[in-house]
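Below you'll find the structure, written out as structure tokens, and then a few comments.
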Amino acid sequence: MSAITLSGVHKWYGDYHALRNVDLDIAPGERIVICGPSGSGKSTLIRCINGLESHDQGRIAIGDEEVREDARALQRVRIRVGMVFQSFNLFPHLTIVENCMLAPVRVGEASPAEARERAHALLDRVRIGDQKDKYPGQLSGGQQQRAAIARALCMRPEIMLFDEPTSALDAEMVKEVLDIMTALASDGMTMLCVTHEMGFAREVADRVVFMDAGQIVEIGEPTAFFSAPKHDRARAFLGQLIH
Amino acid sequence: MSAITLSGVHKWYGDYHALRNVDLDIAPGERIVICGPSGSGKSTLIRCINGLESHDQGRIAIGDEEVREDARALQRVRIRVGMVFQSFNLFPHLTIVENCMLAPVRVGEASPAEARERAHALLDRVRIGDQKDKYPGQLSGGQQQRAAIARALCMRPEIMLFDEPTSALDAEMVKEVLDIMTALASDGMTMLCVTHEMGFAREVADRVVFMDAGQIVEIGEPTAFFSAPKHDRARAFLGQLIH
Amino acid sequence: SGAPSGSGAASPTGRTLAAVKARGYVRCGSNKDTVGFGAPDDKGYWRGLDVDTCRAVAAAVLGDREKARFVPLTGQQRLTALQTGEIDLLPRTTTWTLQRDANGVNFTIPNFFDYTGFMVRKVSGAKSVRDLSGASVCVQTGSMPEVTFADVSRKYGLNMRAVIFDNVQGTRQAFFSGRCDALITDASALASVRATQADKPDDFIIFPADQEVTPLTPAVRHGDDQWFDVVKFAIQAMIVAEQLGITSSNAEAMRKSDDPTIKRFLGVEPGNGHALGLPDDFAYQVVRQVGNYGEVYDRNVGKDSRLKIPRGLNRLQRDGGLMLPLGFF
Amino acid sequence: MSYVRTAPEAILPAPVVARPSLAASLFGDAASSLATVFITLVALAALPHLFAWAVTNGVWVGDGEACRDAGACWAFLRAKTPFILFGIYPEDERWRPMVAVGIFVVLTIWSLPRKHWTRATLFGWIAGIVAALLLMGGKTIGLTEVPTSAWGGLPITILLTVLSLALGFPAAVLLALGRRSPHPALRWLSTGFIELVRGLPLLSMLFVASIMVPLLLPDGVTIDNLFRALVALTFSAAAYLAEVVRGGLQGVPRGQEEAARALGLSWAQAMRLVVLPQAIRNVIPPLTNTVVVIVKNTSLVLVVGLFDLLSAGRVALSDPDWPAPYAETYLMIALIYFTICYAFARYALHLERTLGQVRR
Amino acid sequence: MARGGARWRWWLPQIGLLAMVVAGLAWLAANVADNLARRGIATGLSFLDRAARFPISESILPYSPVDSFAWAIIVGLGNTLFLSVLVAAISTLLGLPIALARRSDHALAKALGGGFVDLIRNTPLVVQLLFWYGAVTIGLPPSAEAWQPMAGIFFTDRGLYLTTFGLVGSALPMLLAVAAGLVATAILAWRGKLRQASITTLATVMISVVMACALGLQRDTPVLGRFNFSGGLTLTPEFVAVLLGLVLYASAFAAEIIRGGIDAVAKGQWEAGRAIGLSERQTLRLIVMPQALRIMMPPMTSQFVNILKNSTLALVVGYPELNFVTATTINQTGQALEGIAILMIAFLMLSGLISLLMNRLNARIALVER
């Protein structure tokens, strides 16, 4: 069964048609990179998948669980799907390790001790184990984003969504985060990642999805896509990226 | 006579020695690119030149006008020097054309009609003539930065200072702004530009100034500098930039 | 006072009088909502016994009772306002006490003798202070009643509970809504409250709180003896006029009287005014324009008013009251 | 595996979604239903009493006698409204305060649309204020003189509000700038003034104004009571507004001032043309709140013997001919204040929204 | 210069400005001295030792008219503090449900919350106080017909009379327990451990109730005397009206501060909370409120200072707080200067104290930044 299924998904903001008839099927373990011009609906797509935005038409499912406007169903979806935001969104009033423990203890059934252990392991894995008792405000951007990844992983999600995880970072810190994501990918995690980091996409992605004006315009192998995009819009976009 | 002269300039922030004995001489029509690691004093240098920061020792002069703490002298300097900031700093409560007209009418001796005409011409030149009655908030980053350039040009400065004019822009918009700057350069404007856009530096700069820890470490021809930096620090820096 | 000060002379006699004449009107501190003593009517015209006292001074000094202006003052403001020269005269139901007299002001001549009284509902059965043990009493602050209240409560061991307000409306509202068993304040005010605010005036009785008489007395500043005298005799003019049978309507005619006392009083025979620094007909102007004390009393608080307070202590001395006419010679 | 779009997807109109019904909001779940039932029951219990008091037993015409042992005495308000509105201003001259109030109402309505925010309107206000003052006083323009001690009611409330705002706001801007100034003396003085005034109850400041001012001035110099209250209100308005403006200044990025200076504008120009307009726009909501507080604060002059609206209402209540209908009077006064404040707050909200459109 | 700092060129005008202000103050002081001498106004604080002679209708500190003016003023200060603390506590608690009602989807609750806040915030507090006082005194029955919603509780136009429970035997252990609990709470709150502090408070209350029951109680029920009830605990109409008026007024403002605090928490925080699977209510409680609390601290500080200052309006409905007592003192002694000075110093000190305490607390719970 597919890890994520979108079929005929439409989404409007007021009168603005933000997602137009989106179909996408993602197999378990697949790694997808989504790119496209600003405002093309990448974030909207990803936010619809874990129900942060509700779609207006069509069907989205995580495995066999449909994403629909129902508090319990949504919670089941969100436990299975981890999300990392562009702006980290760590909880500033909690330490890093508390950030990580919150959901397992309050939503999952983990005991505090268990959750702490899990958090420590994951923080070590993203290489900020020594920062665990600091507050988010005390970390650099790259460290914060890695903490955010650890937090999402703490719920042991089947799928990870990333919305431009490196675009709020200084150039020097981008690499730290991409490294962690590459490591995750090599573990076989199902990943859906909005990013314009071509190096990362080339190295990691199974497929690249190019979006424009709310539609999926092109899907392809990363090497093929980046070297010879077929659709005009994609070509124009890539042309601008490389100057 | 030099367009800009700096000799033995020192600057402290509290106890922190931010500029250390900086000497630089810029001829009229010359185009200088300044680069260097974060915190090396690039912005400080540029801001001392138009007196946004006061230097503590040494001499800075624009042509024959010394930059010193005197309201009238400073105003004369600033009329001769245009500045473009990293974060645009357009005035959000005024339309684009009003942004451009403000200084000519209030500081220069232009009549509103004259200033408007001048603004229109410059906005056309930076290719946003059709956006002139919008507010900054309604424009994209690239358009905003071009408006900021037009605003600075409206005072008909002899010298233009740019402090990382493209670093706050989305990748797609960088090119728009660099194109405009290149066009300006080819008109013979004296330019001093902090940027890490190597393509631009190669194409446009007469000299590249590399700074580190408040000092000028290396000055060279762009091609020579980028291909074979002489100083260790510069080499390390350029190595990091390309990943 | 309106005239700029000289260079430091402590009490230049006559300054206030000169200032008032130069200014063209008398400034009086006033109540703003004590009906019968000082309050504007619906048309914004000031009325009351204290107001007429001020008008009498205006008539005496300036020959026109309308040349008086009223500055509404709160209890806290009144003495300071007088001391600092904001007003020339303070006719504002102010009790003459030692502490006040000693502290920067001079009391002239009482224009109303009052006593502190309790008003209670008849159904409560209380007939004197001693029956009020454990009662709640509404007190209006800013004058003698609160001290009297504390004193009698202590003296008779009554353990009464005070409910204190800094304004007339609060006190009254509280009493009639049933908040208090008794209302303590000047008896004159009690009478007026009973006459006007009670649904059935007969349901309430008033009795004195103690034996003391409280003389409500217009006050002037320390240190200006001439003005002190002027105010005293402007007030006296009303009292003496009643003694002499001169009223506002017959004053004109009385000028032709052969009685030398009346002649001197009305200024037909000169001398009195001059001595005070006033026009010789000052008393005539007071009586003609404002009236004699009886008229003023009846009009504002007495039988012709809604308050209908009996003359009582405020009768002339010859009628058994405390109003003592002085000699106008 | 790979896919290339050939035809663009149609842009469709948004489907019509039924708005969540009122019923769903009221009875959506157990908690909502419970809340609905509870609120309704309380309302049902209270309303009949209120209705009986205000309408069934209310007295609309008649005199004081008619009001005894009855419900709401609206007749009192009918009889006393002129007095409450104009205080002790002489009856024959009441057309003057009426005209003065009219001037302010007209000016206010005229100033509402943004396109009327011009220098001319500003001069209009200054002229209007001066005209109202002259008209009320009368002497200078050849009418019967009415001293300020006889002014009263709504005109006093409006005058105190308008003047304390008109004088307080510029002072507030200066204080806010002073408090952020790099020059210590200016900063200390501004901070000292602001914190002193904000730490004191307005009531005690009014006391000081009414009792102490005469002591503070040279012998023989006196200041009008109304003016003193105005000074106290203006001080308090200036201190409170200054803090709001300061908040707004903090919200304007430093880059704005720098950009303005880099263009050659002087400090004063940069402030006036670039920084302050943004700062004030940023703080419209707290500014509104503060102005509403200032409007309401004028009611405190009650304690210093001025005949403002509330004070005049209370004097009206002391009329022996009437049974003193407190609730009705306070309701009417509250209603007048509410109308002024609420209308202002709504207007500010509208302003905030329309000015906000400038940004994306 | 943009960041010029204090340069020498600025010293002169600054010194000039300071000199002008100092000269102005000196001029005023000279005027006061001159005026006082000229008008023979006695000054000095000797009056403070004299017997006050006037009554104070209610106070939490013991008072009788034989006490000195000084003590009377302290008693007024006690009432001011008592009232302010009570109003601050209740209105903050009340503000939360009102804020939540305004943010809720329930149409009636939202409308009621909004209407309440608009109505309260747009009318002067004095008018509200006067209105409530009228409502309390006119709306409630006389003592003889006291309304008894529960055994031992009487509502009359003389006030609310409540049965109290006095302790028989040794109350010392209980008092000690309560004191220990309060100290622990204070220390925890000081350390910024608000959660533990509130748990401690709750525990203290529960322990004291249990101990009270164990130690045995004696009912003190109000009994109707000739004029009034006596015994038990009395809340006078003045106090009830002031409390009601100030609490309602302050809670409307508190509700807006709380709502503003919640709204000011970045949207991303809600989303992050949802994204890790927290429910709406968990997100509000665990993520948003702790951050909103920090945002609310500065406006809450001004709110508490405002409550303190607003308490001075209690004088219009006859509750004897500091302002009222001082006014009476001025009226009795004529010593306006001293009275006003005492009043202002007291309020400045209290406002300063509130700011100081709140700032300390704020520093304790502030978000840690780099």
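Going by the order they are written in, the chains are A, B, C, D and E; count residues from 1 in each one.
Definition applied: contacts are C-beta pairs under 8 Å (C-beta built on N, C-alpha and C of every residue); 3 or more make two chains touch, one makes a residue touch a chain.
Here the structure is a predicted model, which means the values were calculated and not measured.
Visitor: Note down the smallest number of touching-chain steps it takes to go from chain A to chain C.
Guide: 2
Visitor: So which chain ends up closest to the centre of the protein, judged by Cα positions averaged per chain?
Guide: Going by the distance between chain centres and the overall C-alpha centre, it is D.
Visitor: From the C-alpha centre of chain A to that of chain B, how far is it in Å?
Guide: 38
Visitor: When the centre of a chain is set as the mean of its C-alpha atoms, what distance in Å lies between chain D and chain E?
Guide: Each chain reduced to its C-alpha mean, chain D and chain E end up 25 Å apart.
Visitor: Counting only Cα atoms for the centres, state how far chain A is from chain D in Å.
Guide: Computed value for the inter-centroid distance: 50 Å.
Visitor: Could you put a whole-Å number on the gap between the CA centroids of chain B and chain E?
Guide: Each chain reduced to its C-alpha mean, chain B and chain E end up 56 Å apart.
Visitor: Do you know which chain D residues sit against two or more other chains?
Guide: In chain D, residues 207, 211-212, 214-215, 218-219, 258, 261, 303, 326 touch at least two other chains, as defined above.
Visitor: Counting only residues that touch at least 2 other chains, which ones in chain C make the list?
Guide: 76, 80, 84-85, 167, 173
Visitor: Taking the complex as given, what residues does chain E use to touch chain A?
Guide: Per the stated touch rule, the residues are 266, 268-269, 271-280, 282, 286-287, 290-291, 294, 367-370.
Visitor: In the complex of these two chains, what residues of chain D are touching chain B?
Guide: For chain D paired with chain B, touching residues are 253, 255-256, 258-267, 269, 273-274, 277-278, 281, 358-360.
Visitor: Taking the complex as given, what residues does chain E use to touch chain D?
Guide: It is residues 2-6, 10, 14-15, 17-18, 21, 28, 31-32, 34-36, 38, 105-109, 112, 118-119, 121-128, 130-131, 134-135, 138, 302, 305, 308-310, 312-313, 315-316, 323, 327, 330, 336-337, 340, 343-344, 347-348, 351-352 of chain E that touch chain D.
Visitor: Taking the touch rule as given, give the residues of chain A at its contact with chain E in the complex, in rising order.
Guide: 50-52, 71, 74-75, 78-79, 82-83, 85, 87, 89-93, 102-103, 106-108, 134-135, 137-139, 151-152, 155
Visitor: Enumerate the contact residues on chain D facing chain C in the complex.
Guide: 68-69, 79-80, 82-83, 86-91, 94, 147, 149-150, 152, 207, 210-212, 214-215, 218-222, 225, 303-307, 311, 314-315, 317-321, 323-324, 326
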